[in-house]
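The structure that follows is given in the form of structure tokens.
Per-chain numbering from 1; labels A, B, C and D assigned in written order.
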Amino acid sequence: MEHKIRVAVIGASGRMGREVVKTVLKESDMELVAGMDRSSGPIDLGTMVGLEPCGVTMRNDIQQALTEARPDVVVDFTGPHTAVSHTKLAIELGIRPVMGTTGFTPEGIAELDKLCQERQIGGVIAPNFSIGAILMMKFAAQASKYFPHLEIIEYHGDQKLDAPSGTSVKTAELISEVRGELRQGNPKEEETIEGARGGYYNGFRIHSVRLPGIFAQQEVVMAEKGQALKIRHDSYDREAYMPGVALAIRKVMTYSGMIYGFEHFID
Amino acid sequence: MEHKIRVAVIGASGRMGREVVKTVLKESDMELVAGMDRSSGPIDLGTMVGLEPCGVTMRNDIQQALTEARPDVVVDFTGPHTAVSHTKLAIELGIRPVMGTTGFTPEGIAELDKLCQERQIGGVIAPNFSIGAILMMKFAAQASKYFPHLEIIEYHGDQKLDAPSGTSVKTAELISEVRGELRQGNPKEEETIEGARGGYYNGFRIHSVRLPGIFAQQEVVMAEKGQALKIRHDSYDREAYMPGVALAIRKVMTYSGMIYGFEHFID
Amino acid sequence: MEHKIRVAVIGASGRMGREVVKTVLKESDMELVAGMDRSSGPIDLGTMVGLEPCGVTMRNDIQQALTEARPDVVVDFTGPHTAVSHTKLAIELGIRPVMGTTGFTPEGIAELDKLCQERQIGGVIAPNFSIGAILMMKFAAQASKYFPHLEIIEYHGDQKLDAPSGTSVKTAELISEVRGELRQGNPKEEETIEGARGGYYNGFRIHSVRLPGIFAQQEVVMAEKGQALKIRHDSYDREAYMPGVALAIRKVMTYSGMIYGFEHFID
Amino acid sequence: MEHKIRVAVIGASGRMGREVVKTVLKESDMELVAGMDRSSGPIDLGTMVGLEPCGVTMRNDIQQALTEARPDVVVDFTGPHTAVSHTKLAIELGIRPVMGTTGFTPEGIAELDKLCQERQIGGVIAPNFSIGAILMMKFAAQASKYFPHLEIIEYHGDQKLDAPSGTSVKTAELISEVRGELRQGNPKEEETIEGARGGYYNGFRIHSVRLPGIFAQQEVVMAEKGQALKIRHDSYDREAYMPGVALAIRKVMTYSGMIYGFEHFID
């Protein structure tokens, strides 16, 4: 019988944590061995996510739980404040960290890479585990070599505070590396309503739509005479990130060192 | 045998004029009886548009041609500078004018309406003969009663000088009559790139995309928790206006007076 | 102070029932006065749906609970097997039924209408409470007068057993009433892969896409030379039905008799 | 001054031929040196396409015109019947052929490759010069590694005789090389209208929409729990092929041998 990957989840009762728990319970090559949350009672993790009881009870003490459960991999979406300390703790215990957050400096990542190399374990830090979003960005950047005239339209919920979205700016950066400096449109163009033409980024435009009921969507529209190429990714809920988390759990078993950015797992 | 509608076209060698000539030649209940263009040689109108010769030769003198050809209807897309004088001339000759242009004052229209009533003929003046665009606007306005959270995204060619488009502003006006004053989005929303959130109109946003190869497209995206309703009209070229012109030619045969706005023909 | 509408929910722990409970708790002009489910323990209904406790405890005996709670309106999505008896019980108690189900005969509806008239209360029976879906169908039917060339593409989850969807067939029926008998396409058309051209309905085609992660989406694509009109409704989850349920709760307070079909509430 | 690429066009008065003439006249690194069409009078090629006269007059004798004009490259979209003889003639004269057609056997291509190698010139044969369509196919195939659940929806004019389109089948083949054999959907699925689920290809479905006014569009919809990735290419007219033809004209100057398939020029 093949060895299952033993997985622990920090922040298991959070919105992302619950999705990760469900994913680990469902994937046949993974075994949930621990779930931790500072502010949660001793509930069975399966019951918590609406599945069958799984025999793993939520714990509050991360270090003790990790030490006892001896997972291969720990998944943590608790955010930037706890990210550095949790990552170091995991590596010290020989556990591969899958960190879904920002909040690391380049120097910090270099140090964590060194620690992973020493322990001969893999790890990954990524602000976004969406395979679909990564593919959309890659394809848009590749296509911009042939379709340099383009605009980005991104859609999020109407209570989102910032515009444009992080993903759209990241997309714009990746496109700019390929596309160069072309300034689109007619130089004499005028807005009769200010802002109608969207946000200017390196020669092209980003439009941010904010409406209730939308989780995260983005379309890159590219056009030349006689044709248009459209690459669109729609996320409906947090489940969209789970195939990426599952892929990361499997990948960190296969190398040594700390990788920053989920895109390195996608070819 | 049923009487065919006798149609004359002013500005017949212009881009819209050629399309109108083609339409009249193809519709079985219409007969092309005259084509006029101040700056065009005496070419056969059928040949000019790439069809079979039709026996009607382009003329330069509008008044003389109309007097001799005795059309039921005259179609004119030559623009605001000539619109008033051509319309008056037509009515005086008892010919029903179908005018595809702006440039009329409310007083001017009232006067033309009186003249039409006296002669007991119909006429129509409209800046836009696109049935699809009219339907898009009507449906968006109707739906906004139930879906007040919405944004408009319009797409035109990259050399268009003004943003947002006239159609999108007209759509926004019609929506506002139904929707009222709701201000969408989070009041603490911030743009990290100026203009990303689009142009503000009465509580909602209009986004203008400008790309090569696009003639005229518009989507009204309406969303509430758990659902979205999208109404989109794409025009690929001037042919898009022809079903509306044909409808107008038939309609002006059926009433007396001058109608302003093509939307009155669409129920 | 205005009187709040007193609402009871039958099948309150079901997937639709929970959404209805949430809706009633959130709407400021409604008051949740009872929740019933045959197989559920005595949990607080607010707690059950992840909101604050609301002081209303789930009950098993529908008749007793309705008699004691004296609601104005009862909402019931429990399905065809229980629909008739629950509706009759509600009317006998003078409670307005909002029934989200099929399973009624025309004769049965006529009888329920008579009972409602006698009690001078309103009621509604509808298989679909989605305002967006109703608008999509209405708009598509209206537009088909001018755009008779059209196809329907509907998207549902990959485990749905039947194709095409009920909504797409209903849309096709409504369109056919307006559009007549036009048979689209080239009569010499041939499929090199059987079924590629979709399902034939009265001269046009319906295409059923089945993919994981999709709840319910439908697009009616209408096209003529030079233009296309697209009307699309996307539902992401059961929340999409709640504005319609809320509207129905308010509407049944305003008339006497039994209405079949939610479309009668939408103008 | 840099040498311009001398280009001749066979079938210059055809629909594709005219577009190629326009493209060559507009590209600053190309020079139109000959245009040939068996059935066309001695018109100036610039005048024919609605541009300024260019001083190149249409000729009927291909061999003589090519011999006298000494082009670097000849472009030919005249079709399978003439493709082989025109290609051989071009190579014999040391002119690089850009052939937009099918109708070559693998043996024939191998022979032409040998002839090109001997003359140390490049050539290309391709049924489709659309850069956008190639990118759509490549991206869809790449993404299907991560998004194996997918369906193809293609849109063409309502007079097209065959369904599904060649491009959609080519896309399906490329996807199948990556995706393997997964059979989508519920095995108990049933069609209440035959064909609703589309054409079956290797575990997934192709839907062919046929409507007036549509030139060529295709969308590959890929979905997993919580997300969808959509890759769409819309062609509005023959201009869509011109960037690809221009790219091919430049590319054939840079290698020896005959390449089959335009996709080899796109990275």
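Everything below uses one rule, namely that a residue touches a chain if its C-beta (ideal position, glycine included) is under 8 Å from a C-beta of that chain, and two chains touch if they have at least 3 such contacts.
What you are looking at is a predicted structure, and each value in this text was computed from that prediction instead of being measured.
> Given that chain A and chain B are copies of one sequence and touch, is their interface built from the same residue numbers on both sides (over half shared) or different ones?
Same, since over half the interface numbering is common to both chains.
> Based on the averaged CA atom positions, which chain is farthest from chain D?
Most distant chain from chain D: C.
> Compute the distance, rounded to whole Å, between the mean C-alpha positions of chain A and chain B.
Chain centroid spacing, chain A to chain B, equals 48 Å.
> Provide the C-alpha centroid distance between chain A and chain C, rounded to the nearest whole angstrom.
The computed centroid separation for chain A versus chain C comes out at 36 Å.
> Can you list the chain D residues in contact with two or more other chains?
Answer for chain D, listing residues that touch two or more other chains: 213, 224-228, 236, 239.
> Using the touch definition up top, name the residues of chain B that touch chain A in the complex.
149-151, 153, 155, 158-164, 169, 184-186, 188-201, 205-214, 221-228
> For a test of understanding, state which residues of chain C touch chain A in their complex under the given definition.
Per the touch definition, chain C meets chain A at residues 213, 215, 236, 239.
> Name, in rising order, each residue of chain C that touches chain B in their complex.
Contact set of chain C toward chain B: 130-132, 135-136, 139, 142-143, 146-147, 224-243, 266.
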